[in-house]
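Let me begin by presenting the structure, written as structure tokens, before commenting on it.
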Amino acid sequence: MANENILVIGGGPTGLEAAKGIADLGYKAILVEKRERLGGTPDASGYAALTPDMRDAGEAMDEMRAAVENNPNVEIMLNTEVTGAEGETGNFKVKAKSAGNEVEIEAGAVIIATGFTHFDPGRETQKYGYYEHDDVLTLVDAEKMLKEGNFVRPSNGEKPKRVAFIQCVGSRDRQIGNEYCSKVCCGISSKQAIEVREMVPDCKVFIFYIDMRMYGYWENEIYWPAQEKHKVNYIKGMATEIIKKGDHLIVKGEDTTMRRPMEVPMDMVILAVGMEPSAGTRQVADIFGVKKNQYNFIETIGGALNTVSTNVEGVFAAGACTGPSDLEDCISAAGSAVMKSIAAVRRVAVPA
Amino acid sequence: MIHLPVVKATDRKFEADPDNAPTEDIREELFQLEKEGELEVIRVPDNYIELPTKYGRMKKIPVEKTWHHKSCGQCGHIPGYSTSIFWLNRQFGLDYYDPTDQTSCTAWNYYASATSNPEAQAAVAIRNFAAADEVGYFPLIHCGTSFGHYKEVRHALVHQHDLRRKVKKIMERLGKKLVIPEEIVHYSEWVLAMKDRIAERQEIDMSNITATVHPACHYHKLIEEDAIYDSEIYGAQRTAIVTGTLQALGINVGDYSTWFDCCGFGFRHILVSRDFSRSFSVQRKIEVMKEEVDPDIVVTHDTGCVTTLDQSQFAGRAHDKKVGLPVMSDSQVAALAMGAHPYKVLQLHWHNTDNKPFLRKLGLDIDKQWAEFQAEVDLIKAGKKEYMTWEDADK
Amino acid sequence: MMALDLSQNKHADVSYEEKERLFEEVKADERWHHVLYGCYECGICVAACPSARFYDFSPRVIAQAVAREDIDLIYTLMSDSIWDCSQCFSCDRCPRQNSPGQIITVMREVAVKNGLQTAKDALQGYGRIIYKIMATGSQVSPDMLQPDAFPDWGTHVYEIAENLEEWRRALPPETLHTTETGWKVDQKTIIELYLIWHMTGVMDLIEGVDEGLFMILVDVMEERLEEAGYDDITFD
């Protein structure tokens, strides 16, 4: 008798959406999360507002969590990490360590939703000094400050007068090895720029970029308002060094529009760090024998026509564990994974 | 005037992960080629110290049995620089070799005039390495340009088999093997590796000294991964070279906003387009150092950098630029700390910008010391002595 | 500081075929596919470049020109721009892993090899250095520290020049007791250097840059090679 439960590994937005979808279709989801609470990276990293609609991230995660907690069709296992797996569609036996105890989970199909981690700017090719200067931050640091409503210079606690965002940190770089574009950072930086302008109206905000990746509605929902309503300065030209001078940080770059080198003082610099596969993504992929691509994201087979199937039948992957994804991608992929995983167990249960 | 401490890591700590380095380890590639009979690798002698590089890989720095690959500019114009490196080796009783079977790396000419080609450059490098190997010593490179250039040559020889083939043929004609050292080591890496031993023998207190550091472009910008990085210094975000040495001697290292800038040597420019070199070094380096830190000395670790930063200040003075910072190498500072004679060993009379205030601040009786040096010179002038010896230098 | 004229009318006296031939030679270099990938005009190379602050010089423009294979622009840059580069390789920070500095090195080698007048002009006055390195195997020597050679280094040079002989003898390392060379070099070593330059075609490059210098060098080198027993080596 084939098992028709679906194991969802990862309790972030993708995993939460998948678990809810499975439950809505009348099947049982087993949602495994290694942290002590659900919500994934938006929760762990303290995101303030979501891109692009500026919805409060905490509120959005509360909604997603509420849909699965107290849901009779969703069994939630927190503090649980997958350690081994064997079997096939209809009959997966997965070992896990749950709050210190060894457990075994039986499921018919698996959805990996283990997400991403942010690029560590210490590995950046350019000289941004994240590990030297208090006032150099990442998007994650900035997000935390914005959530608290306390956007100040870490060095002296004062409100900044000039803030710069630097795009493509850890992405689009052959020397680091992350040649891809992380997709969301242009939008997130612009969103944060808008938040900073609103929170600190005296503060001038600059974004140094190579290209502005504003797909679809992001163009008119984020980019144009950022420039037109909030007067964020977009400068086409990348920075190569950040170094302290007196009380400021000097950002050295080229203003390619003016075709000359520029050195501009800033109070804070925010590095738009890219996405990399999380440690969980690498580990879980190896446990299930799922193929990873050259960047160690999970490889989905089927190109543009199949964004969730892996090389292992019955094991699906959705969201940022497969590559740079925005929230809309994650939610959509979760739905696709739910559909395919249920179809897979039904095929085994009721052979054609 | 701001005395800034060296920027240390904030609460954040960065650790490089050598297992996830984005490049292949060139040393593994060398050993592989050796297995295939393509070349021979000169192994680092047994007595070595390891230092971390940019991606966290450890680099072997030979302590002794070093073959000193000298620098044109040092030996030609600032011979105290080379002398101080030898002096340090002698103080520790280390077995070293100062060759006459050595050519210039010819990289200065290459970067200045391009009147050469990769084949010639590689052949010159290998010829020197073979000369070291033939006497059983391991190359230690004195010049930053040579160092960067040889890293490039190593990379080219490993990845371009056509070049390797051509160079092998030339070596055969010269009766030499195609040999490459296991590591390309710059002398300042040796000084950094020896910093604790140097500090143990420190005689002159330097805690009242503030210095600025200028890292040579060709040391850390060419083949960037092969340079020393340390999470305790600049949070491993900038090369630890020179800074690490000075801090071990108790010197306050001040940070300034053009730290990463080139000195303006320009290879060709310092010789035939000098307005560039002197303008750049004065306006982008010396003036900024003076305004932001006002150090007692500027310390660097490359021939071209010492030359440009030191010599350009004269023209700067003529234009009322705020200059006047003495320049020396890390090896000279280290030797001085260990009690080396400022004129007989450091040979500071070849340097241009006035270094007497710095020496006096250390409490040295430089009038007496200059007289001691002059006494040696007088003996030579009078024909009573042919040369000043190492023994004379330490009297 | 000359303004860089990027118009297509510059160097109209040189035929398009000739300009194209030179660029083909640049592309044929074994290093080419390691030094030029693609360029997304981020400007990091310009941001890090010392020459960009002093001259009207842009490694980004050079990388773009060769990536676009804009023949006229490339020739202009090869004539008027490449000698401004200070070869510091700060531009090796390029995230695409281009090396504008090495692109320029290759272009320079082609310019020298083809005897471009602009290359000769750029290296005017540099001949004495080439002579020094070719004749002695080291680039600068103590006896070059003369007031007329480095006038902007100030009066200190007078003191050095006056005391040169004695001050060189007052150096502890034995290999530094020289004035005509940086350090004492074995004759055998110099011969090996000549052989290398002979076998790698470097002497032809010298001839293209400065024929007078070439002839002086050839005399010196051929004489020494003959003394060392290499009768078969000539530099024509």
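All chains are identified by letter, namely A, B and C, in their written order; residue positions are counted from 1 within each chain.
We adopt the following convention: contacts are C-beta pairs under 8 Å (C-beta built on N, C-alpha and C of every residue); 3 or more make two chains touch, one makes a residue touch a chain.
This is a predicted model, so every value here is computed, not measured.
Visitor: Work out the mean Cα position per chain and let me know which chain is farthest from chain C.
Guide: Between chain C and the rest, the longest centre separation is with A.
Visitor: When you average C-alpha coordinates per chain, which one falls nearest the overall C-alpha average? Tell me, please.
Guide: Located nearest the centre of all protein C-alpha atoms is chain B.
Visitor: Counting C-beta pairs in contact, which chain pair has more, A-B or B-C?
Guide: B-C
Visitor: With centres defined as the mean C-alpha position, give me the chain A-chain C separation in Å.
Guide: 49
Visitor: Indicate the whole-number Å distance between the mean C-alpha point of chain A and the mean C-alpha point of chain B.
Guide: 44
Visitor: Could you give the separation in Å between the centres of chain B and chain C, each centre being the mean of its C-alpha atoms?
Guide: Chain centroid spacing, chain B to chain C, equals 22 Å.
Visitor: What are the residue numbers in chain C that touch two or more other chains?
Guide: Chain C, residues with two or more chain partners: 48, 53, 93.
Visitor: Residue numbers in chain A touching 2 or more other chains?
Guide: 175-176, 241, 252
Visitor: If I count partner chains per residue in chain B, which residues reach a count of at least 2?
Guide: 260
Visitor: Please give the residue numbers of chain C that touch chain B in the complex, ascending.
Guide: Interface residues on chain C, with respect to chain B: 30-31, 34, 48, 50-51, 53-55, 83, 86-90, 92-93, 105, 108-109, 111-112, 122-126, 129-130, 133, 137-142, 144-145, 150, 152-156, 159-160, 163, 166-177, 182-186, 188-190, 192-193, 195-197, 199-202, 205-206, 209.
Visitor: What part of chain B is in contact with chain C in the complex they form?
Guide: It comes out as residues 70-77, 79, 82-83, 86-87, 98-104, 106, 108-120, 123-124, 127, 131, 148, 156, 159-160, 162-163, 166, 170, 173-174, 217-218, 221-222, 224, 260-262, 264-269, 271-272, 274, 276, 278-280, 284, 311-312, 314-315, 344-345, 347, 349-350, 352, 373, 376-377, 380-381, 386-390, 392-393.
Visitor: Which of the residues in chain B come into contact with chain A in the complex?
Guide: 2, 4, 7-10, 12-14, 16, 22, 231, 234-238, 255-260, 292
Visitor: Within the complex, which stretch of chain C touches chain A?
Guide: Residues 37, 40-49, 52-53, 58, 60-61, 93, 95-97 of chain C touch chain A in their complex.
Visitor: Along chain A, where are the residues that touch chain C in the complex?
Guide: Touching chain C: residues 125-126, 168, 172-176, 210-211, 236-241, 252-256, 259-262 of chain A.
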